[in-house]
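In the two complexes that follow, chain A is the common piece, with chain B as its partner first and chain C second.
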Partner chain A sequence: MPLDTSTYNLALLRVDGRRWNELRRINAQIRTQAAADGSSYLEMGHTKVMCVVTGPSEPGPRRGGVVGSAGGAGGGGGQSKDAEVVVNIVIAGFSSVDRKRRGRGDKRTLEMQSTVANALAASLHIHLFPHSQINVSLHVLSQDGSLLAALINAATLACVDAGIPMTDYVAACTAGSTSTYAANDESADPLLDMNHQEEQELPGLTVATMGDSDRVVALVCESRVQISRLEGMLVVGVDGCKQVREILDRVVREKGRRMIDEGTVEKGTGLNDMDVD
Partner chain B sequence: MASQTHLNLSPAELAYLHASLSLTPPIRPDGRSPTQYRPLSAETGILPGTNGSARICFADGTEAIVGVKAEVEKTRARWDDETIFLEGQEGDEGAEEDKEKEQGGNREWVELTVEIPGQRDDDSGTIFLAQMLSEALLADGAFVERLKINRGWHWKLYLDILLISPPLSYPLPLLSLTTHLALLSTRLPRLKSEGDEDPFFDDDWAAAPHLYPKDRKARPPVTLLVMAVGNNIIFDPAKEELAVADVALAVSVGDSAERTGKTAEDEDMEVDGRKLRLLSIRTVDPPSRLTPPGVPNATNSAYGHAVAGPQQQKMPEARAVESEAVEGVWKAPRGGAKLAVMGALVQKVLERGGVADEVLDALEAVDLS
Partner chain C sequence: MPREVEPSLNEKQFVLQALQENLRLDGREIDQYRPLELTFGDQYGVADVTLGKTRVLAKASAEVTVPYTDRPLDGIFTIATELSPMTSPAFELNRPTETEVLLSRLLEKTVRRSNALDTESLCLIAGQKCWSVRVDVHVLSHDGNLIDAACFAVVAALRHFRKPDTSMEGGVLTVYTPAEREPVPLSWLHSPFCITWSFFGDQGEIALLDATWVEEQIRVASCTISLNRHGEICQIAKLGGTPVDAVALLQCSGVALTKAKEFSTYLDGKLAEDTKKRNKGGLLAELSAENDR
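Showing the complex of A and B:
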């Protein structure tokens, strides 16, 4: 179904009623699953993702199962000084509107796996865990655009839950442009956080930054876009990442607060110590 | 088929587990009674984009999500089959062998996939799991008959089964229960067209009827994992328990209260109006068969006993002595299961007010949103 982009100029509202700089509703939970070392659940609009982290643990054919085929070796050394980040993405057949089954060997899935692994490896202190493996398995339950961004955010939350030391949150977001490449419209506005309909029609990119700094750890652009528009999109994307980081941070703090309240965590630190950053 | 749960237990630990599980009553490592399932939490209707979905978490932390999606598909026009289908619908007794043929065609109306993280999708264990689960669904033609719209069209049902957690225990009971629940919550749009017209549906989702209506008795099948240690029959074994099982069976049970016209076979049993019906049995190869045997202290050099001397080592009889059963020393079960044990296992599953009944009751109580 083609998206009618011409209406944007009338009211400056997008198809789902957002303005150009508005994120969709992000809802996240951590520690959703008791058996795993770390787990999270993240919704960005209608994109729903679950993440389970196992490790750092001893690598081997038993734990990972798919050392050869799972792609996504981050860091730069399996058996060497650094831990290996192995990402495994399962896109459920029921996740899109029309059922489409993607096998494990799907090229797009493999590329997303290596992107997520590299983005995480930039933030995780993998040098602290030599000869070990961090398994990140991501399940896509429902997709409506910004899939890669949602995967990166969910993986970050699960790594926080697993207690793996990391430099900062890796927050990701998408940005697009209001008119197509072919329109060659110089006055096109950038857009933040694209949904599936917009992704089909408009040029867009996914950007992930290290926390609220301007350090970009992943940048993926798979569509044709005029170079003059790229800067505006990137600025909007990085700004979106900062908003996402705030949301992720709030989720983690809230969970931590609740765990101290419930007495799950030792009361070594007071509730108010948490606010000191 | 091996139930690949990898567990590093020493022969002494295996012997201890085996001994405590073969007591009367058996003492299970997690303190459950032999027929008790792990406590679970369940919810349905979690994915608005599917026709039906469910999520179940077992108390040991394993978690699964099942989504059901349906598509309308044209039934392949084969006129000879068409007439057979009608005959089967009328419940004609003579059409027994014809029904077999008709099921073969309908089998393609259901597609079931299992995804287990960290395992290849062509892994033999995963395929075996999917096969067992779809076998239970297709065993009697009752399920695919529900998917028929009219003579020219049918629903094609896709069941995607996701194991979210790492496979801590053999996931068969979890996946089966979640599939059962997802099918209970599955709704298909209400048909507006009549007869053999091209199907036309009501677009009001609130009016969509359930695939398994709540007021009817029929329920989707459920597969139970049962194992035997000595003379004890144990339901829903955990990983450690499966590691010492003599026999492990996957027994699929259906509820066929609607098909009262059929003659009561000996496996049919009337339980509070519920008619449990045995659908399929598969033996699951327990990992106990792959464990190394223990060595009695008497022959263990680590305990200071003289190892068999050079003259003894040459004799083949010295090895045979080792494999004899010694109290407190683990010995992997060899040979097939005894027929009497298999019979007892199946009998126990189908028992009046037994575990199958309990499980079906519990799942029925889950709120279908």
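Showing the complex of A and C:
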């Protein structure tokens, strides 16, 4: 392994100088593209993601080409009684260090697309929009760990911006554990929000929760880890998701306040009880 | 693209209502698997797994090839999954559906990325020759819980598989036929098994193991946990769906560990049985000069 994380035990500081329970800086904006129904830009540390949401709209010709097929809950074709969430992820060639070219059929990307789509569908009220399609397209501009978490957060923000009714924010973050699976020591500390270096070397998982609750929408672990570590990692991850949710909420409220100040929107009656300013 | 027929509204309600009362259509317990059956083929590396009406065939094979240039010291190990129209009319050839992509990704993560097979041992001459081990997974019949059955079949096939013995003398590589030298097993590090939980109800409060196809069509979320008998998690995938309480997920992982241990003992037993069958009387019988007169 190229990187030596064994120094963690000396100062309890991670490679980038964080403590175990610190998130990286999250910077987010919504309504970044004027033409789109909803859009967002999110940075988690050096991971940078852009999201554009179109819809709910009539299904495009690409997927709705088959006419007369029976309606199904998960199926395409816009014949279903629920709106279909279609996610498309584009990972830019310049986003990581090694400039690897990923084709359209890359299974890892396809898996992430389906994860983001299913996680969003859990929160969005898709039953309100029958025979329609919500298009979410995500662009990865820079990768530095916690990619899936950043994608889910950006997609949530963009859906909020698009004004699609949803239960709550789907907030995601990663959690890891110091020392690799081979070292079976009980003193291993959980880590919050892993960067690329830590992801390469340490076991970790991505958690997405529904709003403020402890309820897990998505849980993805791709590394070998002792089952006894799972609990610690999950607790830290869920706690991190709550912090992320606060940050996302602040971004949305901040944007709303600014829009009222600018006079882009009228201050509605329901907004009186909201802390505007 | 033909679509799978969905269960009718009545059928859905019936199954759900029964589940609320802790009953399953086939009378199983909530955490009970359907009878798992494993048969090995006459050849090495063929495993046929039936789990209720789900049937998966896995075949391992090996050939000598050139290693990838960026990994000159590693052998090649691939898992190929194929869902043919024979399984269900919803599957088409050469057009991977979401099910197929997720299945192959899960197998990849469970078996390949967890280093169950030591790929370095497949290297013959660094940068020039290596073994390429390939497992083909054929789904013969699909009645739910494809993932667990397929993963079990892959692990069983690989552990049963024997590759031809080789030797290096003075820079010359010799690959021996089975008649010349007994084929050797792969260098296997640990056996991971997939255990899939399906969740039902508005809050995902009902958790089932080994869902049948009808149950799978109705479930609101699923979570696949892969672990080996040492309690090492190789992979967890709850890819969206209705949110489930974190504590419930932890409990699920605990039960999954006991199931993985059961699978492991079952597979070890079957392998031992098969070795015994192939090797009648053992080495002593082979070396004996006695003849029946």
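In this text, the second predicted complex is superposed on the first by the 253 of 277 C-alpha atoms of A that agree within 3 Å, B and C clash if a C-alpha of one lies under 4 Å from a C-alpha of the other, contacts with A are read in each partner's own complex, and residues count from 1 in each chain.
Basically, a contact is a pair of C-beta atoms (placed from the backbone, for glycine too) under 8 Å apart; a residue touches a chain by one contact, two chains touch by 3 or more.
Fair warning: this is a prediction, and the values are worked out from it, not measured in the lab.
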More chain A residues in contact [chain B versus chain C]: C
Partner chain(s) touched by A:G103 [first = chain B, second = chain C, both, neither]: first
Touched partner set for A:L23, first chain B, second chain C, both or neither: neither
Touched partner set for A:T209, first chain B, second chain C, both or neither: second
Which superposed partner A:V15 touches (first chain B, second chain C, both, neither): neither
First (chain B), second (chain C), both or neither touched by A:V52: first
Touched partner set for A:Q226, first chain B, second chain C, both or neither: second
Residues of chain A contacting chain B in one complex and chain C in the other: 66, 69-70
List of chain C residues in touch with chain A within their complex: 1-6, 96, 98, 101-102, 104-105, 108-109, 113-115, 203, 221, 223, 227, 231-247, 249-250, 253-254, 257
Residues of chain A defined as touching chain B within the complex: 33-36, 46, 48, 50, 52, 54, 62-66, 69-70, 88, 90, 92-95, 97, 99, 101, 103-104, 135, 137, 139, 141-142
Touching residues on chain A, where the partner in the complex is chain C: 66, 69-70, 72-73, 75, 105, 107-108, 110-111, 114-122, 181, 205, 209-210, 213-228, 230-231, 234-235, 238
Chain A-facing residues of chain B, complex: 6, 47, 49-50, 53, 57, 60-63, 65, 67-69, 71, 113, 115, 117-121, 123, 158, 160, 162, 164-166, 168
